[in-house]
Structure formats: structure tokens, C-alpha cells
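Shared chain: chain A. Partners: chain B in the first complex, chain C in the second.
== the complex of A and B ==
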């Protein structure tokens, strides 16, 4: 289930949003301290506190997310565990084995092995990402010319073996899911901008 | 002394011990839940329905934990200190009438272990001995936080015991008896006869002192987590630490009973309605202990002593004097 959350703008832009808290001078003499105690007791600051917590208890507006049962929605551009996508029509892997992701990876965690197959096309035989080392910077997804490697939303990476983090088959969209039309395009780093078809130009052959 | 009396007394002791040990456990559950709700959390949820069995889980954990006696502690005192806290808390319950007397199959039961003529004095005295638990435990622990906590408990102890005594003096002058049953019977006849109306100042003072007595939040400086870790409890683990806990929560219940009986009419005329009222009053005071913990900040030890000696004690003395003058004329 794909969920997109609308995010509120939390940037404080107005200068007037900040103000200095008015701090009274500390009482020094005994009489001043006594007056402070009395005024605080009579003004009922203690009871304001009691009322606030009681109000919250009565409103019962619980903010706890019971995590394994409930999950917070994550942003559409969230950079969690990578996915390898397939071509919609043919079901082939999108990856052309260009090696750009392997080259750009700053934590050096992507390894790939390619060969030239019978049709003289490049085929990816091995593709692994060491998620124990990956810093999820998103460069691989950004640099990929084929939108083949993208980030997904799967952020639960508990496993018994570190080797479980590097399996290509776990990242690649299974064929049955692809046929069911459940391969999600990633709107984050490296994705096609809306309306990008219009900005495509013919390769200028003049130079 | 006939055999029936001895059997009845032992039965009462066992019942009170069982009920209030269980209540102390449930008290921790209620505290967690109430604090959680006031802070928009859910509290324990996973063990049993609504987390109710969390108490059992904690109990099993505490009972089965290894009994660790750290190096360099004064062993006999370290071992006995939690027992002092728990034992004195329950000993104090001996003179508290928990329920009006009732008749079961022609046999009249007095739900008080011993209706001694110095009742309230005994209760306060034994509760005061309970302070030796934190004091000795802290001093024996070979830990600086515990030592600070022990010093604080001694200082706090001296400060608030004065208020407790002086605040109670005025109501006792009016009643003319130290027995909690007599104090209760003095207020029979409806809300108008409650001592809280004639002694509101003493009521407030005693209530404040009760917070210091039980070490609850505004005066939680004996075991203040954010300053001195767990104070006297830092070096304790397992059941010894659990005994401190049971003592603290049992104390909260018993002091709630004392406030309700001395100032708010107790169980009134002794009917079922009066008994249920007493439970409700005690529940309110117990809830108030949790409520303040969610709402109020802690004071420093010097602030507590300043408050006790320079503000509350003069007010308490004035209250006693004014009560005496009013009673004389």
C-alpha cells in the first residue's frame, strides 16, 4: 500500500516568531523569597500544572505509535533499502551493467560483475550492495541512467547474518509482482521529473 | 488472651500483608499508567490485557534476580536496610482502621490489628523509623550517590517530622484521643463534621508533610533519578531493591489512609457507604501522589528545609496556638 504523507512546512520564517522569555530577577532576601512562595501559591501556578496534565489525561490524545503493529508513514523520497527495477514491458532487468553506481558509491559497498552474453548484450551476473556499509546517500540512484537502482521504503533490516543484506534477489522486483503491476516507480533522487518528455531534445549532430 | 483472639489477629495480619503487598505492586502499575496518560503515552501494554500482568512480570524478575552484594559495602547493614523500610511500612499499618467493623456469621470483625490508645503516634513513629532504611542503606553502600541520598534523607527527616507532629497536634487537641478509631468517631455525622473544615491549615500542612514522608515528587530528593541516580537504591538490585519499592508504595497507601481518617471523616458512621467513601478518599490521595509526579518539579533539599523550617513550622505553631485559644474560650 503506497502512502504519501503531506508534510507541513516547519520552517520559521518570520522574525517575530522568536521572542525573549521574560525572566524575573531571583529573590535575594528572605522576605522576597517568602513573597515569591506566597504569590506562586496564591496565583496557583502549581494548580495550572495539575490542570494541564489532568486535561491531557481526560482528552486521552495518545501519541504513542505501537511500532511493530503500527508504522508511521515515511516520506516518498525516503532512502531506505535499494530496489532493482525491471522493464515494464519485457520484464528484463533495467540494469545495463554500466558500473556507474559502483564507481560513484562513496562507501564502496556496491559490487557488480558483468559479461557479454550470446546476443552481444551486457548482462549483470552479480550485483550486491553491502548494506552493513551503505550510508544511504542516494548517489547510486541519482547516477543510474536507466532508473534501474532506486531506493525503496523497507527500513527494517534486522537479520541473523550480515550476508543477508547483500542479496540481489531480495532487491530485484520479482517477476510475478511486476506482472501484477506492483512495481513502484521511485519519485526521489534520479527519478524522471514530471513533464520531462517535453524537455527531451534531439542530439545535436552539428558538433 | 484467648486462642480465638490470637488466631483472629494473625489472620488480620496475613490479610493486610497480602492485600497491601499486592496493592503496592498494583500501585506501580497505576503509577505507570497514570503518568503515561498524562504524558500522552500508553504505558505498559504488552504483558496481559492492558499491561495488567506487567506487575507479575516485574515481580518474577525481581524475585529471580541474583542477589548482588557489591564489594566494600557494610554487608549486614546493607542487607538489613531494605527490610527496615518494608517492615516498618507494614508495622505502621497495625494501628490503622482500614474498614468499619462488620459482622460475619454472628462474629464481629474489627479490621484493625490493634486499636491501641496511642494509635496515630504509633503510626507516625513507626513510619519515621522507616527512614532508617534509606539512611542505613545509603551509608552502607560505598557509593557517593547513595551517601548523598542518606545525608539528604536524614536532613529531610528532621525537617518534615516537625511539621507532621505539629500539624497533627491541633486536630488531636480537639479530639482528645490518639486512637484513629476515636478520631474517626469524632467526625461521625456527615461532611460538616469533618476535621478538615475546622483545621484546614493542619490538613494542608499534614498533606505537604506526607509528600516528604513518602518521598514523593515535589520532595523526591532522597532518590532523585536525575541528580543522584537512584540515591540509596543505586547499589541495590533484585528483591532487596523490590523491598524498598514495596515499602514506599505501602507507605503511600497507609499515609493516604491516615489523611483520610484524621481529616476527611474516615469511614464515617461505619456503614457500607462510609466504608466505600473511605476507599474513594484513599484512592484520591493515592492518585494525587501520582498526579503531582506528572505535574510538578522537584525542589532542592535546601528549598525543602527552608520551606519546612521557615514557612511551614511557624504556620503549624501558630495553628496550634490559635486552636488552643479558640478551645479555651
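== the complex of A and C ==
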């Protein structure tokens, strides 16, 4: 049998849910307009603000950040220009060339080439991101199964051209920085949840 | 017809069908890992187990035919547990490298693992150290191999190379090259195609792209007349390599069709062009001022139509000696058979139980004919008679009788063969008289084929029910080609043999049907389209105006199945196409494919538009590719002529024959295909020609000279050497008789 759903009555107009705001009439004559301007402009608050500025001036303790000489620290999960990370122990590239970042990228700005290397492993030969297209959504970092592509903190990517690229060499942690322990892990989307080791199920090795 | 039930529902199976086949046709799903439609069941995965009311244990549905009234259960808790356990065993120590594996995304193991919800490893085995093996064009990774044996079955039953086998050793088992350290085969790559996991992969493709990134473009192979269906898999390259589209690999619908190595590995023959208006003007002027267009058969039907229309419009002549020879052969053939074409197909060969191959080195000329013969031999126990002056090693597992005749005596041999096969046929009195009058002694002596050999053919094929005669391309340019054609037609008309005439190039048949060809007198100025001429255009060699190669064109071909097959653009071409030239010369068609629906009905074409042509196989192997050309009735007014004196070929004789996986100027350009340009001969040939292995030699043909290296081939026998033709200018030598008397000189020794 056909069932008819009963809807709550959403016709607000009948229940007088709306009311008119009591707005003063707009000034019509020149004199009324002048009075309104003066009453709005000349108020005691002005001097409060002026006093704060003057007080801080006398203190000589300025909080203005002197950009670009000085930069504010950004949040660790901020999504700026990408980085490609290396494995801590061996120094190998983490990227295995699975192509998931290329596939998931909604602005289609990642391109890569892979090949089989001398040790029969998959090697990423070319990797580029078109920053002109990238919307820094973070999907690539989230989908990466190896925590290889992550977002870094470099947010200055002004360019003279609409299309401008970062390539693998720009993004990959240099070996000397890695050895100096200066590769930062990314705590944003896709990173390992703290304590996730406990949830790993081990393969039985009963032989 | 057998009536039985699956899960309580009535199902009808044809005789010879297994439970699995009947179930799939009826829409029931039974999972399999090792089942391959075109081979006998491997029966290695045991995933297809079912329960019946007449058996206690589980039975394999892939190899068991149903009996009348059988009640089959294909889904129960017991079966599900059984199948899940099988999948758990498959997944034991299977490398967790889906992230890099080439098969990921198109992997049977991945699919079934997810289907059965195997998320943890319940069983364990000590892992082995297994290294990736490089077998030339093929890479084998034993740690990924699930030992389903599909590759072994297809190599043995379909291809006939019998090059790989399973090395049994429990958990250590792996696939190994048979009787050899390294893989020694024709590199068809069919094992790669059927591999359900990433164990067998093209070494060129390995780790270069993922299945989901590649767009598949259905096309038809451009290399031989079999017209196989294939998919060009295209992806862009990275930015630093130009971000241009590139063909990464070729795949095929391996359940229903088979591809040879040239089709699979020979795909990178496209060359980009540009729109140079000045050169376009030059081309137009050249066409306006020349007396003829010489072209090869590496063109589509639509282009052939354009050339024919240009002929009518400009009064220009059309030269294509290869297609003209085919035309002549078929018109002589039709004059006896009363049909425009021959009656056999590749499928007919596959279903045959008696096959005669005559006058062609079929294994390299048309590999799919060879595969069909292998299938027939393995599945139907077909008797295969191979008649040729040269023995072919690649056919040794298939051929039951080799008949060696002398070079040039084809007319005598086919006459004797016709006499043998027509012995009890209902032929006219004149023809009976004709065969009675044949000078058997002379024909047998000159061709070096004795009476007893014909008697043996008659005996071994006597009991065969479905018989095929395959005519190779040797006879097309034979001096007596027309009479050979008439005798072949006699065999098809008056016996139960069906005949396949193997055309030399991809669209020789199409050109021969569409173009009104003129005899090539080699006079006046000629425009060459993928052929020699005074002004050159096309996609082969150093041309003035570059036109797209076949994988950058859309259009149709006519295969030896008399099927009109569509092909598509894999890589977009930026330059001019033949249609632009034709339009500038007064024809009117927006696209080349506008001609598809205008192909002549009187030749058997149908008026279908290009976009209405399918290019795929159905789930059960239904051929939905293009359409079959109608075999038109023609007037049968031909008369078989007397046999002329058989010619003798003494001295140094070579045979124009391409090495495996080489066909034309396109394959010569492909990176992966082996390019053997040597003259190969036996020790006997070397002794007669006074040359040694590795000698640089100069071969003097009637019309030209070639410089090559001589290689002593221990497999070859006899006094005839093989000279490749794919590497000569424009990649073809199909305009003359394939055996040729030559002079061979060692370089440096002439003077």
C-alpha cells in the first residue's frame, strides 16, 4: 500500500516567525545627515585607540613581524610545498612509485615516470608537481602508503608564470640533511597514528 | 542437450560442455583462478569446486561435464570454506608489493583475495629466496607466481612453442624454460597476457606504468593479414619527457584471441608529423603532375577508397603489384568456384582435424594461422601436412607429414594434390579426363614428390571430417599463379576442404577488392605512398610529406577471415592525412572514415558507418568485431589449363622470408623486436655458395644488390637460404616470386 509521509508544516509566514526590525528613518535633509555623521564620528573611543598606540610607541617593544626577514612559525600540519622523504636508516627514497598520488590528485598536477632499476626494484625517475595547478588539498600525502610525499612548510611559491613546477630534486631530502637528522616527519593527514604499532597483526611463523 | 540443475534451477548444457561453461552461460558465477576458455582445463586452482547429489566429494566444474538430471550446488558453506582456504593458501608469503606490482589493479589474485576477505595470513611456510629472472622480452618473478599453469597450457596448446614447463618441487615449484637455460621461443608474449598475477611481465613495460593509468584503445594489428584485435595502452609521459601521449604496451583479450610477438611488442612505430603548408603544396603538385601512385598494402580500406577515387578524378594510375597479384589469383580462383572469396577462416582452421599447408612459410608469414593449426593439432588431434621446399622447425610439434617439393614446381604439386583429393569427387568428365591425362611420372619426378606421399596424404586425411587447405603467399607471384588458383578452387568446390589464402600484408585483400590496379610499368613520374617513387609520402622511411602510420589512423582492414575490422587512433597525429590531400584535389569528405559507409556493396562490403562497427569479443567469445564481408557470387567460367613444364631452380637459391616477429617497415622500427638482417643458410648451402659463418657477403638479385652477413643456421636443412625482406626499403618484397636465383660473393673477394 502506498504510504504517505506526513511532513511538519514549514510554512513560517503564517506563524509570524518573522518580524520587522525597527529601523530609524534615514535622514532626508542635509542638516540631519550632518548630525548623524558627527554623532557617529566624534566619540570618546577614538582617544582610547590613540592612547594605546602612543603607549606602545613610548615602550619601544614592537610586536610587528619583520617579514620577510622574520617569519612566524607555522602549524606542523600546515600544507605548503611538498617534500619527498627518505628512509631514516638506509637513506633510500621512500617513494616506491605506486602512482597513487598521481591518480588521486584532483587537480591532476602530479606526473611521474618509473622504471626497473639495476637491482630489479621500481625506481622513480621523474616526479613533478605543477604548483600552478596544485590546490594543496593534501590528498597525495594522505594516500601515500609510504609517508614519502608530505607537505612541507615552504609557503612562498609566488611565480612569474601560472605554471611552475617542483621536481624530484627540489623535494627530496638531501642526504647530508638526513644524516644531520634534519628531516622532519609530517604529522598531518596520512601520518601514522600514535601507538599504531600495537595494532599491527603479525604473520604466524610456526615452522 | 543435457538437462541438469544448478542451485535448484534448471540449466541446459550442450554436449561436450562442462558444468562451468554451462553455468557461466546461464549466468551463474563460479570463481576460478586457472581457467582459460581457449585451452583445456589446467585444473590447478581447485577454486571451481562444486557439490553434486551423485558424488560424495567435491568435483571440479571446469573439467566435469554434467549428466542428465544432475543437481549441482555451486554455493554452500562447505564450498565457501573450501574456496576461502584455497585463497588463504594462495596468499601465503605472496609479496605484499601491490604498491609497485605491474598487475595491481588488474590482478586476479587481488580481486579474489578481496572477494573472499582474506585479510590475514593464517598459514605459514618458510619463505624462499627467489630472484627475478630476465628471459629477454619477458621477466619472470617466481615469488609472485601462483603456479596456475595458464602460461604453460597456452604455450603448449595454442602457440606450439612448448617453451616453458612447471618444475615441480612443492613450495619451491616454479615455471622454467623447457630443455634450455634461457627461454628459447618465438616471444609471442601470450604467457604474459594470460598470467593472472604479476609474475610474467613484459620486461620493457615492467615498473613503467600502472594498469589504471593506461587508457585502452581497441584497434586491429597492423602487421599481418590475420587482423588480430589488440588494445594499445596509452598514457602521457612525465613533464620532463614532454608530457606527450605514448603507447606503453599492447594487450589482448586473451580468453578469446591470441596475439603474436610482433603485435604485442611491435607497437612503437608511430612517428609524429607537422602541418607544413609548403610541403603540402609540393605534394599536391606532385600528384597533379605524376602519372601514377605506387602504394603498399599498409593502408586502410578508406585510404584505398581515396586512392581509387583519386584515380577516377585525376585519371592517375594505381600501382600495387602485391595486391594486383592477389587480385589476379582470386579472380582466377573465383572463375572456378563461383564465389568472390575463399571459404575458410581462422576459426575453421582451429576446428579442423585435417590440415594441408601449401606454398608458404606460415609460421613467420602469419603466426595466427600457425596458432590455429597448433590448436587444431592439440585439441582435435588434427593431421597436419606441410608442403614446402623448406622444412620449418617451428612446426615440428604440429606437422604429421612434411612433403618437400622442388622450388618452382608448385603447379605440378597442386595438380597432383588436386588429383589425390578429387579422386572420389563428383567432377565433370572433362576434369576427370584432365586428371587422368596428367603426366604423373613427369610431375612427380620434377617436383620430387612421390606417389606414395600423395597416397599417404589421402590416407591420413581420409577420416578427417573438417578439413582445411592453407595456401601460402609463395604461389601468388608464381608464373602460373592463375592456374594454381583454379586448381585450388577445384579442391574447395568439389571436396569438403575449406581454403584459406594467406595474404602477404595487413590489407592486401582490402586493396585488391577496392582498387582498380594497373600494371606497374615503372615509367613516368610516380608518387610513392609507403612505396618507392619520385615524390614520397607516407609513414615509412625518409619521406617528403609525412602521413600517419597505421596506429595513428582510424579506418578498417579486411582480414583473411574476410572480416572488415576497425582500427583506432592510438596517438593523435599532428600532420596532414591522405584525406586532406584528397579534399584539396577535389574530393569531399570531412574525415577519412566518412568513406567507411561508402565501401562498394558489390564487393561484399556493407554500408555500415565506422562508428557502428564494434571491436570486441563478447563474454563467451562472440566475435563483435566489424562485420563479415559477403562472399559474392560471380560467374564461374574458368577452365583449368594444362600444366606447363615445371621450371628448375638450380644454383644458389634464396627465399624471401622474414625472421620471427618481423613483417614490414613498421616492425623493423620497433625497439623491442629482434632485428635479424642476416642471410641464414644451412651448412650445405654454405658449402655450395662457398661462404662461411659470419662472412660479409653481397647478394646479387635480378633487380638489386644487397649486402648482408651470412649466418650458418644449424636448424636449417637443404640448399636454400633465407633472406629477410622487412629491412629493405619500404619493408616488402611481396611483388615477386619468393624464391630467387642469386649470385653471392664474399665481400672483399670480388674485385
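Note that in this section the second predicted complex is superposed on the first by the 131 of 207 C-alpha atoms of A that agree within 3 Å, B and C clash if a C-alpha of one lies under 4 Å from a C-alpha of the other, contacts with A are read in each partner's own complex, and residues count from 1 in each chain.
Definition applied: contacts are C-beta pairs under 8 Å (C-beta built on N, C-alpha and C of every residue); 3 or more make two chains touch, one makes a residue touch a chain.
Predicted model, so just to flag it, every value in this text is computed and none were measured.
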| item | value |
| --- | --- |
| A:40 touches, of chain B and chain C: first, second, both or neither? | neither |
| Which of chain B and chain C A:145 touches, first, second, both or neither | second |
| Chain B versus chain C as contact partner of A:53, first or second or both or neither | first |
| Touched partner set for A:77, first chain B, second chain C, both or neither | neither |
| Partner chain(s) touched by A:179 [first = chain B, second = chain C, both, neither] | neither |
| First, second, both or neither for A:63, with chain B first and chain C second | first |
| Comparison of chain B and chain C by chain A residues contacted | C |
| Chain B versus chain C as contact partner of A:115, first or second or both or neither | second |
| Chain A partner contacts - residues on chain B that touch it in the complex | 34, 37-42, 45, 291-292, 294-296, 306-307, 310-311 |
| Contacting residues of chain C [partner chain A, same complex] | 99-100, 104, 120-126, 131-132, 139, 203, 206-210, 212-213, 236-241, 243 |
| Sites on chain A touched by chain C in the complex | 96-100, 102-103, 111-116, 120-123, 125-128, 130, 145-146, 165, 167, 201, 203-207 |
| Chain A residues touching chain B - in the complex, by the definition given at the top | 30, 33-34, 37, 46, 49-50, 52-54, 56-57, 60-64, 66 |
